Amino acid sequence: MDAIILQILNGLDKGSAYALIALGLTLIFGTLGVVNFAHGALFMLGAFCAVTLNRLLTLSFETIDETKTDFLGNPMKVKTPYVEAWFGPETGAAIIDWAVPLSILFAIPIMIAIGFAMERGLIKHFYKRPHADQILVTFGLAIVLQELIKLFFGANPIPTPAPDIFRGSFDFGVLLGFDPNVIIYPYWRMVYFLFAMVIIGGVFAFLQFTTFGMVVRAGMADRETVGLLGIDIDKRFTFMFGLAAAVAGLAGVMYAPINSPNYHMGMDFLVLSFVVVVVGGMGSLPGAVLAGFLLGILESFASMTWVKDIVPGIDQIIIYLVAIIILLTRPRGLMGRKGVMED
Amino acid sequence: ARAFTNEPGASSVTLGFNVPQTGPYADEGADELRAYQLAVEHLNGEGDGGMLQTFSSKVLDGTGILGRKVEYVTGDTQTKSDAARASAKSMIEKDGAIMITGGSSSGVAVAVQGLCQEAGVIFMAGLTHSNDTTGKDKKANGFRHFFDAYMSGAALAPVLAKMYGNDRKAYHLTADYTWGWTQQESIQAATEALGWETVNNVLTPLAATDFSSYIAPVLNSGADVLILNHYGGNMVNSLTNAVQFGLRDKQVNGKNFEIVVPLYSRLMAKGAGENVKGIFGSTNWHWSLQDEGSQAFVKSFGTKYGFPPSQAAHTCYVQTLLYADAVTRANSFEPCAVVEALEGGDSSLPGIDSPSNKGYLFDGLGNGPTLYRAADHQCFKDVLVVKGKDNPTSEFDLLEVVEVTPVDQVWYEPDHPMFAGGDLGQCNNGA
Amino acid sequence: MLGLDKKDATILLVVIALALLAPFLLNPFPSNSGLAQFNAGYPDLMQRFVIFGIFAIGFNILFGLTGYLSFGHAAFLGVGSYSAVWMFKLLSMNVLPAILLSIVIAGLFSVLIGYVSLRRSGIYFSILTLAFAQMSFNLAYSVLTPITNGETGLQLTLDDPRVLGQTATASGNIPATNVFGLEMRSTYTMDVGAWSFDFNAGYYLCAIIMILAFYLSLRIFRSPFGLMLRAVKSNQQRLNYTGLNPKPYTLAAFIISGMYAGLAGGLLASMDPLAGAERMQWTASGEVVLMTILGGAGTLIGPVLGAGFIKYFENIFSKINDNVLHQWFSFLPEGMEDTLVFLLHPFVGKGWHLTLGILFMLVVTFLPGGLVEGGQRLSRLFRRRSRDTDTTPDPEHHPKESPHVAE
Amino acid sequence: MNVKPDFSKNANMAATAPAFLSIYDMHAYYGESYIVQGISFNVHEGEILALLGRNGAGKTSTLRAVARMDAPQATYGEIWLDHQPLHKMKSHQAARAGIGLVPEDRSIIPGLSVEENLQLAQIAEPVGWSIDRLYDLFPRLGERRKQEGVTLSGGEQQMLAIARALARDIKVLLLDEPYEGLAPVIVDEIEKTLIHIKEQGITTVIVEQNAVRALELADRSVILDTGSIVFDGSAAEVLENAELRAEYLAI
Amino acid sequence: MGILEVKGVNKRFGGLQALGDVNLSVAENTVHAIIGPNGAGKSTLLNCLVGKLIPDTGSVMFDGKSVLGRTPYEINQMGISRVFQTPEIFGDLTVFENMVIPAFAKRDGAFRMHAFESVANEKDICIRAEQMLVDLNMQDKMRMHSASLSRGDKRRLEMAMCLLQEPRLLLLDEPTAGMARADTNNTIDLLKEIKEKRDITICIIEHDMHVVFSLADRITVLAQGTPLVEDAPENIRGNPKVREAYLGEAA
């Protein structure tokens, strides 16, 4: 029982990452019909927004400390961040400590701008082109973004910790009446889950309670006719792209403390996020979110020891196996809409 | 017409540096390349000479190798055995490389080693830690300077016992592929020999990025030590996750819960950030070593590049010198002659009484006296046990050496069960 | 000729000429010049060109004609390689039985995956194939290690049985792959002045098989079967209401392309007897997709061009390091040399991915039909120059193929 | 900038009433095929113009070019609607300027219900008839408001397409074969609606294969043949001129 | 007993009874027209005949064998071909290639691999395909991409594809909608000729009364999913119920 609750919690958490990435991808892929292989790269860029802000906040000046020596035996250069110099060591340290949450504010305009630029500069020429061409161009873009990040930040993961108060975990089991240490849950993952809920809710509300979603869906189905009805669909597509980029970016920002960002983290998630979106059903936001959580939870279950004892290696393939089963039993995934990318 | 593959001409000789330049180990590969370039400079008599002066063999004099200027080509292994072989092949077939070296994973090392054996060139492995490289997949044309999983276990276990006691219950998370398995097997055997109990060993997919669902059940399993048999990105993430779950703040069985990472590298430690503090592991070499050779190397590397070298850089540098030295001693580039020189007659490590204690003995390249064992082409030397430093003074100062385990403690026989099954075969001259 | 019309026969002849003369064509620079870095005429890379060409040709039969985008074809390549290596381990080092087995096993495997995946179309199909391939990869990497040797890849050892051949050579080495004694690695090097050309047995075996594979695909493209496949892509509904069940056509195309992939996998293993699991990863499947689109999906020769393009970058550009750059520009004054090297540095060597990514974007943006379209534009440019009026309609009786099945 | 071009050089332009929609020397291409080959004609405010011609004559292409669709691409020429230069606009701008096109394939948007199809038309200003009023005009649509638009019967789709155009405040209604697929009673209905629309001052261009019906309704007629204008005059003239009808309309 | 026997067919879409207890018998070698208001269920009925839809209840027998439960291609192989209301053609292929496919389907019956023959060498097929295009006066468009045909031409192409198959039962859903008058007349002649020459039964849906009355031997009037009357053309024209529900002034 406790083990199951534990894995559900883990699944929810993994699921919220999947759901958040899939949500952004669905906006572009499921709704605009653009097979965006650069979506993982957007997620990665989000995480690197956090890294960058961290770097900016820790920008330092060097002073020479004669009492210590560096590895070559020369006097040691000691770095002091400017913020600590300006705001005093304590406030300065606190600001640096809160770099990741602060990056949310930093990332939103940047990611929207990147989304806009990407759509205006590149993607807009590809709406009418075959999916294959979209794959090639967005894959090219993903490589370029990735390599640029690698050029500036290296290939190694870069630790980007959460604020101190969110470090460590709390004992969830005790709340439910279990023994201590049975069900523990890290604070930051809790934050991530809640954050994901807010973003998902926000995007849903925006698309549900405005006509925006309908117009974009219509525009994807038939751009020409929507234009005939006086709607500037290009603008809306651009906006949608910005939104998707922002969602992907925020997912990345908040993910940074969970796993140290590296330049290829996007590619690691890419395939999985496509699977999630398709299993959820093309064009369906609730489907993408549902599939994200479902696959997250199933993945967690599959990693339990007794499950692995029964079927060795099941955790290696569970996602794909479930995807196959769902797609074979439900032709359009969990909640897919008819006619979206079926040809 | 040639006596052996890629017999060099009179003026220059080409070496092939095959390292990961793309993919997750690209930074490691970049550091290896730096070391290679440094080694080439030193061999050609440029720069300050580095470890040439401290090396116990004195035949290298900074005039290239056998009077030929050393040139090199580089390639990208992409950390994939296929790509690594393609790259090595192009060095051999197109560029006429006579020795291939590099790599930062065991899969790649084993694959390229096999290729070099068939093509008839020498392979000087870079970073490869699996027992198989000089165990069941050993090859006559291949040599490894790096230590292996068995040695990690043998070196680490006594230190762990000293620090954490003999009555511990260990929970293993293991990367589900060959290296992970050998690593786990080695450390389990070593810790159990000291009285530890192994509660569980859970295999994790190589592609996993989030280890929460593997880590969450650990606390409740009765274990009080978590051993992460992970490397690279896997290790960075699993350690980060474990710390996130607050494992290190917990008490189990009345003891502090501990985490161990058997194989450490500085780059990984950097990736895991704060989380490595106080965590034990083993490493092949560390720049803070105070012996003359290590100091000389750190100095020339640090002066040239502005930061201290990694263990991968060290191994790659040493491998290049060792090859050059062997060629010079053999007075021939012919692979079989080089192999013979590296297997080195009858010298043996002092203090180890074993018929297999035979090979090429040298010193002055860090880690004290070192033996290239003739029987399996594995290097034997002291192994470092390190700990994540609590108060790093710089971004490179992440690990501190807590113990230098003497070589006799990590010694094993070539027919040890973890290494059995392979056959060195015959050296191959190719052509 | 050979059941081809004049235009197709010309294409075939061009392909044959290119394949047979590749050792010359790919080594245009004297071997000691700075530009020798760009020579691609060494056995391993030439083999790769044609082998991946075969892979892409086969993939194009499925994707180019039916429009079904499989994201799992690398699985067949991998299966082909594993089969071949097992054949070397168990039977003999002769490549022919190994290649045959690769084709057969890959064929069987594709029947299975194709039958299931083809129950869906569009993106759902793509994800199904992707899921199958990723499962194969993950299993091959870990759980199936006894069969696949996991991370390291399946290798030959000195104690393989090889019932119809020798376990080890007299000199104590693993025997080389061969065709009835002709070793695949045997190479004749011809030195002409400063140039040096390699003629490798393995390459020529691959090249001949590639020519056959190409000829086969040419026939398929022009056949009623090929037409049906294009009809599937265009309008499955209509095909149904015309009395034809699309499923056997697509399945046949899937199997054929799976067998091509198996053949490519078998050849890879025959040239270099090691089968790594990464061969089955999604990135490898993605690579053949990229090759096909880059060259021009649905065109005959495009996939081969695409394969060559990507492999060239992977193998040649990745090897250009700063040292090489300095050598090239050493004739320039010091400051300029350093600046140039500094500017180029991010794009070569470890930056070869960056260059490749940029080229992907440029090609697909400016040449919507892939490299083939680039070629067509060039030739149109030349033709326009030479002959200004070219508007008389073709009086020929039978219609030409529609443009998307061009050369 | 809103100055009308001087069309006096063109003989066909000798108009009695001031032109409301003017097309001047318009050329349009599908890729490389030259389809609309330099046509000029005027439509006066409030009139109904029948644009006729055989299959493939270029009628649809002309309407699409006027509505500023991407294909065919009108590469040359000018189009003016009520002093606004349409030729400088994109299709959504043209739509806002008052063009309403009922395309020949109806272009009902898949995935959207009947009502959403209509709502979509009222997102951009200026909007025209209310949705309720449209349901009054076509009660069948009202009954099917929740049904997905593309599953409507052929005739119902035609009604939806017309209703969607009227849902916007348009100055010129371009109808591409509006009677196609409609039951004769409905055709009667739509004809009445068109007359009604005309009374409200909306200008209409109608393309129709049922030429006689269209001519009976229209004030003027333009006949196209292979992308050029072969006749521009009153509708009655065509009805009377048997030769013309036989040659270009085969009736 | 007719070649096509529809008995008690019902079809609901959610709350809508699209077909209610339809009985229909089509005699061999006749032209049977189905007319009725928009949304009456005519296309739905045809969909039930070709396997696109499965009726909720009832039976459909063709030539003594049940059609229900068979896939569309099996039904086609039984000898039923259909022209759709919105043209269904192979848009990516040329007109000629569009014609070749049904020719193969006719000759080979079902799946055949023929991967090594060349289309160009199948002389008999090519000749047949071309001949049919000549019959429909489309030979000059033979090498065009069928997607770039005008709408009327797409219709004709689809009809040609169906005729090429020499079906025993030809189902036409508004074959002449959007066709120029001259071509409509040609089509009428062609259909008459085909019916005379070959053993073919035609079932046609049309709103163009000219076509209906020129061709039909019998007419069924469908309204709200149920047959209203079935009779000979002359009687239908005079039927007041039909006039009111459908024909309007056109009669």
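Order of writing sets the chain letters: A, B, C, D and E. Residues in each chain are counted from 1.
We adopt the following convention: a contact is a pair of C-beta atoms (placed from the backbone, for glycine too) under 8 Å apart; a residue touches a chain by one contact, two chains touch by 3 or more.
Everything numeric in this text was worked out from a predicted model, so none of it was measured.
Both chain C and chain D are touched by A, E. Between chain B and chain D, the least number of touching-chain steps is 2.
Interface comparison, B-C against D-E: more C-beta pairs in contact at B-C. In terms of the distance between Cα centroids, chain D is separated most widely from B. For chain E, the chain with the farthest CA centroid is B.
One simple way to say how far apart two chains are is to compare their mean CA positions; for chain A and chain D this gives 48 Å.
Annotation: 76 Å between the Cα-based centres of chain B and chain E. Rounded to whole angstrom, the centroid-to-centroid distance between chain A and chain C, based on C-alpha atoms, equals 34 Å. Shared interface positions of chain B, i.e. residues touching 2 or more other chains, are given as 26, 30, 176, 203, 205, 207. In chain E, no position touches at least two other chains. Within chain A, the positions touching two or more other chains are listed as 313, 316. According to the touch criterion at the top of this document, the contacting chain pairs are A-B, A-C, A-D, B-C, C-E, D-E.
Residues 67, 69-70, 90-93, 95-96, 100-101, 103, 107, 109-112, 116, 119-121, 123-125, 164, 168 of chain D are the ones touching chain A in the complex. Those residues of chain C that touch chain A in the complex are listed here as 63, 67, 69, 116, 119-124, 127-128, 130-132, 134-135, 138-139, 141-143, 282, 286, 289-290, 292-294, 297, 346, 351, 353-354, 356-361, 363-365, 368. Chain contact summary for the complex, chain A toward chain D: residues 211, 214-215, 217-218, 221-222, 224-233, 283, 337-340.
If you check the complex, the residues on chain B that touch chain A are 23-27, 30, 176, 200, 202-205, 207, 209-210, 212-214, 216-217, 219-220, 233, 236-237, 240-241, 244-246, 249-250, 252, 267, 270-275, 287-288, 298-299, 302-303, 307-308, 393-394, 396-397.
Note for the complex: chain E touches chain D at residues 13, 16, 35-40, 42-44, 85-86, 148-153, 174, 177-185, 207, 209, 245-251.
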